[in-house]
Every structure is written in structure tokens, then in C-alpha cells.
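Each of the next two complexes has subunit A plus one other chain: subunit B in the first, subunit C in the second.
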Partner chain A sequence: MRAALSILKKDLRMEFRSKESILAMWIFSLLIFVIFNFTFEVSRLVMLEIAPGLLWVAFIFSGMFGLNHSFSVEKENGNLRSMALMPVEGGQIYLGKFLSVTFIMVFFEILIFPIFIIFYDLQLSVQMFMLIPVILAGTLGFTSLGTILSAVAVHTRNQQILLSLLLWPLVSPIVIWSVNLTGVVINGEITGSFYPLLIRVGAFDVIFFTLAYMLFDFILED
Partner chain B sequence: MRSKTDKILLIVLLVSFLTSLYLIFAWAPQIKASNTAEQIAQKIFYYHVPSAWLGFLAFFIVFLASVAYLWKRDRRYELISVASAEIGVLFITLVLVTGPIWAKPVWGIWWTWDARLTSSLILWLIYVAFLMLRRYLPDGSKRANLSAVVGIIGFVDVPIVYYSIRWWETQHPKAVMASGEGSLDGDMFIAFMFALATFTLLYAYLLKKRYQLLVLEDAVNKQFKEMEIL
Partner chain C sequence: MAITALQLKDVSKDFGRIIALRKVDLSVEVGEFVSILGRNGAGKTTLLNIISGISKPSSGEVQLFGTDPSDTANKSKLAVISHEMFLYANLTALENLEYYASIYNVLNIPERIEFVLNSVELKHRRFDLVGTFSRGMTQRLTIARALLHEPSLLLLDEPFTGLDQHAIGMLTSLLLEQKQEGRTILLTTHDLHTASELSDRYVIIEKHSVMQDGPMSETTPEEIRKKYFSVQPAGVHQ
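Now for the complex of A and B:
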């Protein structure tokens, strides 16, 4: 656990030192809303219907930012090999990377969400707090799969595009459910089917995380 | 490398494909439909469904071979997983091609973002990414490890993809194998099962051939390397 935490600390320190890239990412997600607004000139009602999807597009792009960095910095500096030599389980390195990527993604989500509320004029209510578990469940699913696939893609020449190719189809169930749940919270009443679906996303998060944790040893070895 | 079993297999395949064509087009009854286009389009079902079944079978073999590779570290399992993934992508491509050909006369559209269609497309994308990953990686144990990991995660994901999209209303015809309304007529069932068996045999043949080819490629590469050393 200590190894994982020190990786987390190191990664966060590194990411937050380069403030430009954080600013750039934030502006970028702002741009997503602007671009979508121009490409789909639709009425407010329709906008509210597609808003959950837009929110997740912005989240996913911000998540990709962290994922693309996560292992490529290690590779550039030849640190990947030293990590593999650490006398800890490979799963610990996965856990550390998973935590740092998740932290960064959640950080961006916190930055993006207020803009989203303003642009789409959402009514704040108590129900909105239900978005916290929804977004968290979706994010954990995205990063648990994303972290291991990022470690896979980093070994290729074209790692950024390959990461998207590998990750997006695989993570589509989580994204579909998250968009669905987000829509329920934003647009309507929370019905009986809401909680089972939320629990289901959580269950698949656990499955993906466990699978990745177990398989990570194979990725590190030469 | 052309062994006797290969030859026999090939002959059996040829005969059964011809028989299958006869069963489908001459023997099995036409469905009752409003126009002939729909009647003819229905015939595609005999190839569409077996292709889908083979896609799943192939990806299951990828999964098994990936697990076996990580366990035993035997190059042969790696080659089997690649060969099977390639064939699986080929058959799911056939599914994605034959589907719209049927859908155009019957539904009036080539494609719709329907549950069954979308999940098949995602399935195809997963394994295309798997094959692309291998293209981008240099040959070696690293590549074998990484692709085995993706082969495992990919297959675990397949049922989740199908499950996640299930709440959408589907236009896709229900599974006709189940008894009850819309189940297959006796003769159609026989024609279908024959096509299914033929396709499965084709898969076995292709897998064997592709595997042999990969082994040959390995041997050639080894010879090249030895020549370079000299």
C-alpha cells in the first residue's frame, strides 16, 4: 500500500506543478460545450436531453488527458523498468497509477461541472447530490480499465490513438449506464430502477478493477 | 505443410458448402412475406447467424488461448489467439455486412442504432483494436503478454456490452431457435443447422491453416535472424 501511495503522491505533485496543462485541459472542456452548442443548434428541451451525454464527453476527454500522461512520463524517463523492479506486487503499481489518474479526472470533473450547470441552466436541487455517486461510479469504471490499457498502449509507437481505440469500446457499457443515470438525475424523478443500475455500475467497477489488478504483473514483466 | 487431414477437411468443406447452398435455396421453404425481395433477403439468415456464432466462438478461443499463454508461456497459444482473433473479426465483419443487406429491403434502412447492431459493432471494434495493438508492438514476449491481457479483458467485456445495451428496445428479430411463436419451420431448421455445422467446420479449417502459416512465418523470421548474425 505504501508503494501505491508514494506513486500517487509523486504523480499528483508532478501534474499540479505543470499548471499550464491543467488550465489548457479546463479550457478544452469548455470548448467542447461551445462546439457542441454550434454543431447541434437545438431547442432547450432537446439540449437538456443530450446534456448528460455532453457532460460525459467532457469528462472522458479530461480523463484521457490523465491516462495519456500516466505511463508515458514513466517511459520517457526510463522509469517503467525501475517500477517493474520494485519489490512489490505489480498490482500495487497499478493501484497507485489508478488512484492518481482517478484523482486527476475527479479534479477536472469538479472544474467542469460548474460550467456545465451555468451553460445548461440546470436547476440545483437536493436531487443533484445523487450525481456524486453516479459520476464517481462512472469515473472509477473508466479509470480502472483506462489505467491498465494505458500501461498496454504505452509500449506502442502510437500510444495516444491506440489507447482510445482500446479503451472506448471496452468502457462503452460503463459510459452508457453513466449517461443514463446522469440523465435520470438531471431531467427526471429518480425511479425504482435507478439504484439497481447504480449498484450494477459499481459492481462492474469492482470486476474491472480486480481483473486489472490481477493482470498487471504480466504487463510489467519483460 | 499440406497434410492429409487438411486435404480431407477441404473436400468435406467443399461438399458441405455446396449441400448447404442447395438446402438453403432449393430445399428450405420460402417464408411468407409481402414481396419477393423480403423472401430472398431472408435467405441471408442462414449465413448471418452462423457468422455471428462463429465470431463468438472465435473470441472465446482467443480468451482461452490468452489465459493458457499467460499460464504456460507457450508461443503456440499466442499464435492460436492471433489466428482466432483474425478469423473472429472476419466473421463479425460478415455479420455487419450481411445484416444491412437484409435490413434494407425488410426495414427500409441499412443501419439503425439498435441494441443488437450496436453491440455487434462494439464487439468488432474491440477485436480490431486487439489486432491493431499487435501490429504496433514489436514481436517478442512483451507483445505476447500485452495482447493476452487485452484478449482476456476484451472477452470479459463482451457479455457486459451486450447486457448494457439490452434495455434499448430492439428491432432485431428474436432468437428464432427458441420454441414458440416465430420459431423455425422443420425444414428451415435443418437447413440452418447444416449451415451452422458447415461454418463451424470452416472455422476449424481456417484456424488450422492460419496457425500453420504463423508457425511458418516464425520459422522464416528465425532463419533471417540467423543469417543476420552470420
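Now for the complex of A and C:
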């Protein structure tokens, strides 16, 4: 755990010094909200229908910046090779990178969510707090899978394209379920089917994380 | 009786159709300083990658201190210095060293960092971002990073590349110190004079195999040069 925390500390220190990922993610999401809000003149009802999808488009597309950046900084100066030389299990390195990517993404989500509320004129209610487990579960699924695939893609020349090609098909069930769950919360329609779906997303998170943790040693090999 | 630090038996490595190493046998004793010489593409870096456990051989057996090189315990015994820096430009020298010290579970981190920074004369720049360092300074910090956890085996892959005379002198004296402290050192280089000045033994790799292996004390740089150029001509790759 010590190595994972060291990697997390190092990544956060670099990110909050340069603000490269956070700033790019925030601006990109802001653009999405502005364009959709001012381009389409639709009723509030329709807007409520599409808002969950827009929120997750912003999260996921911006998250791709974070994922790509996470291992690009390791590629510079041969640090990927230094990771393979470290006297720690690959799983610990994965855990460190996963924690840093997740932390940065959650931090960005906290920054962008109030803007989403303002742009789409959403009513704040106690029920809205149910968005916390929904967004967290969706984000964990995205980052657990994205971290290992980003480590695979960074070895290639077309890193960003390959990451998208590998990640999208695998992560789409989680994204679709997260959009559905977000819509249910925003529209105030939490029913009995909400919790089983949330648990399903959580189960996928655990499966993706466990597999990635176990397989990461092979990714580091030459 | 001498203890074996490194043992390679019949080691071959290929990347599909490209042969990188062919049936390499090499044994290095603890405390030995071995220079590995050879033209570009001869297989020197691949050999170091296999020894460090980054790369697995296609066939043959490698043992580092009696076990597999990829063992986690073995990795804490070795350090690699190459033309790749293994440093983060967006962190200060101190932050880089703190990071590696923590990963390598170094005891007395502040004292150890101060010691290695003094060794490479970079203590006055410890709070500066590595991105602002010159090539020579970055390489000196790379050396400090490698020595931080007091490795038993040092793998040096053309570490003199791109260094100025001051940095070359500093690295040479640091390597001599490490040798006197009994560390096992493998150095790949094209600089025959430095190799003869530092090493106990030389190994010439050509056409992906060991062509010459002998003690440095029984030869001169000129003789090595003759041997170096008498082996198979370059450009013949499998």
C-alpha cells in the first residue's frame, strides 16, 4: 500500500502543480454544457430527459483526457521503464495510478457539477444526494478499466485512438446504466429497480478492478 | 570462494524474426566491474533489460543473486542508469528523490537524500524543478536516484552519453567509489578508455553473441580496440 500511496502523492503533486488535466477537462465539459444549452431550444421537460446523458458525455469525454495524461507523463524520461524496475507488485502500481486518476476525476466532477445544475436549472432536493453513489459507481468503473487500458495504449503510437477503441465497448454498459440511474434521480423517480441497478454497476466495478489489479504485472513487461 | 551475482546460461532473445541475443553465457561475481562493449544494435541493452527483469529471455536461464531477476526482492538490489532519466520534470530534485526513496523503502530518507545530493553536487538545486536542469545536471540527479537505495548491482547503459567533461569526471569517480564499496557493476559503453580505466573485465558482444571475454588487467585499450574491430563487421543482422 505504501508504494500505491507514493504514486498517488506524486501524481497529485504533479497535477495540482501543472493543472494540465483538470483545466482541460473542466473547459471541455463547460463547452459541452454551453453548446447544448444555447444551441437547442427545447422545453424544460426535454432538457431533463437529455441532461443525464449530457452530464455523462462531459464526464466520460473529459475523463479520457485524464486517462491519456496519466500514463503519458510516465512515458516521458522513461518512467514507464522505471515502474517496471520498482521492487513492488504490479498491482500496487495499478492501485496508485487508479487512485490518482479517480481522485482527479472526482475532483473535476465536483467542480463541474454545480455548473451543470445552473445550466440545466435543476432543483436541489434531498433525493439529489443519491447522485453521489451513482456518479461514484460510474466513475470507479470507468477509471478501473481505463487505468489498465491506458497503460496498454501508452506503448503504442496512436495512444488516444487505441484507448478509445479498447475502452468504449467495455465500459459502455456501465455508462448506460449510470445515465439511466442519473436520470431516475434527477427526475425524482427512484423506485425499487434503482438499487439493483446501482448494485450491478458496483459489481462491475469490483470485477474490473480485481482483474486489472491481477493483470497489471503483465502490462509492465517488455 | 567468489559468490556469483549474475549467471546467464544459453540466453537467447528474439522479437519475432529479429534476433537480439543468441546463446549468451555470462557469469559475474559479486564486486566485479564488467564493461560490455559492442556496436549499436549488438544486443547490449537487451542484455541489460533481461538482467534487470524488464524483459524475459526467449530461451535460456538467468539468475540474479541465485533467483529469478523479476523477483520483487531482487529488484530492490539493483539500479539502472541509462540515457533515460527516470525522473519527473514537473517535480523538484528533492521531490523526485523522496518519491523513489519511499518506493524503495529507504531508511532515514532525509539523511540519505542529503548524502546522495552532496555526492553529485546538487544540494543547492534540490528545490528546483528537474525540468529546469541542464542535461548534465539531470544525469547527475539520475545517478543520485540510482544510488539512493544502495543497490548491490548497478546496470549502466551508456551512462556517459551527452555528458560534459565535468559530469563525466564526476560519474567516473562515483563509479570508482561504488567499485571500492564492493558493488557489482555492469557498464555498456563505446568508450574503451573509460572502460579500461574502470573495469576488471571486458565482454565484447557482436552479432548478438559474446565474442570476447577477458580480464582488463591483461590488456590495454589499444588491444581491446583491435579486438573490438576484429570481430564480425557491423550491418549483418539476422
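Basically, the second predicted complex is superposed on the first by the 214 of 222 C-alpha atoms of A that agree within 3 Å, B and C clash if a C-alpha of one lies under 4 Å from a C-alpha of the other, contacts with A are read in each partner's own complex, and residues count from 1 in each chain.
Going forward, a residue touches a chain if its C-beta (ideal position, glycine included) is under 8 Å from a C-beta of that chain, and two chains touch if they have at least 3 such contacts.
Computed from a predicted model, the values in this text were never measured in an experiment.
With both structures placed on the common chain, the touch criterion links A:221 to subunit B and to subunit C.
In the overlay built on the shared chain, the residue A:50 is in contact with neither subunit B nor subunit C.
By the document's definition of touching, of the two partners only subunit C reaches A:17; subunit B does not. When both complexes are overlaid on chain A, the residue A:148 reaches subunit B alone and has no touch with subunit C.
Once the two complexes are laid over each other on the shared chain, residue contacts for A:207 go to subunit B alone; subunit C is not touched. Judged by the touch definition given at the top, the superposed model places A:176 against subunit B, while subunit C stays out of reach. Shared-chain residue A:162: touches subunit B; no touch with subunit C.
Overlaid on A, the two complexes show subunit B and subunit C touching the same residues of subunit A, namely 221-222.
Looking at the complex, you find that subunit B touches subunit A at residues 70, 122-123, 125-126, 128-130, 132-133, 136-137, 141-142, 145-146, 148-150, 152-154, 156-157, 160-161, 163-165.
Taken in their complex, subunit A has these residues touching subunit B: 145, 148-149, 152-153, 155-158, 162, 165-166, 168-170, 172-174, 176-177, 204, 207-208, 211-212, 215, 218-219, 221-222. Subunit A makes touch with subunit C in their complex at residues 2-3, 6-7, 9-10, 13-14, 17-18, 73, 76-79, 81-82, 84-89, 221-222.
By the touch rule above, subunit C contacts subunit A in their complex via residues 49, 52-56, 72-76, 78, 80, 82, 84-91, 95, 99, 102-105.
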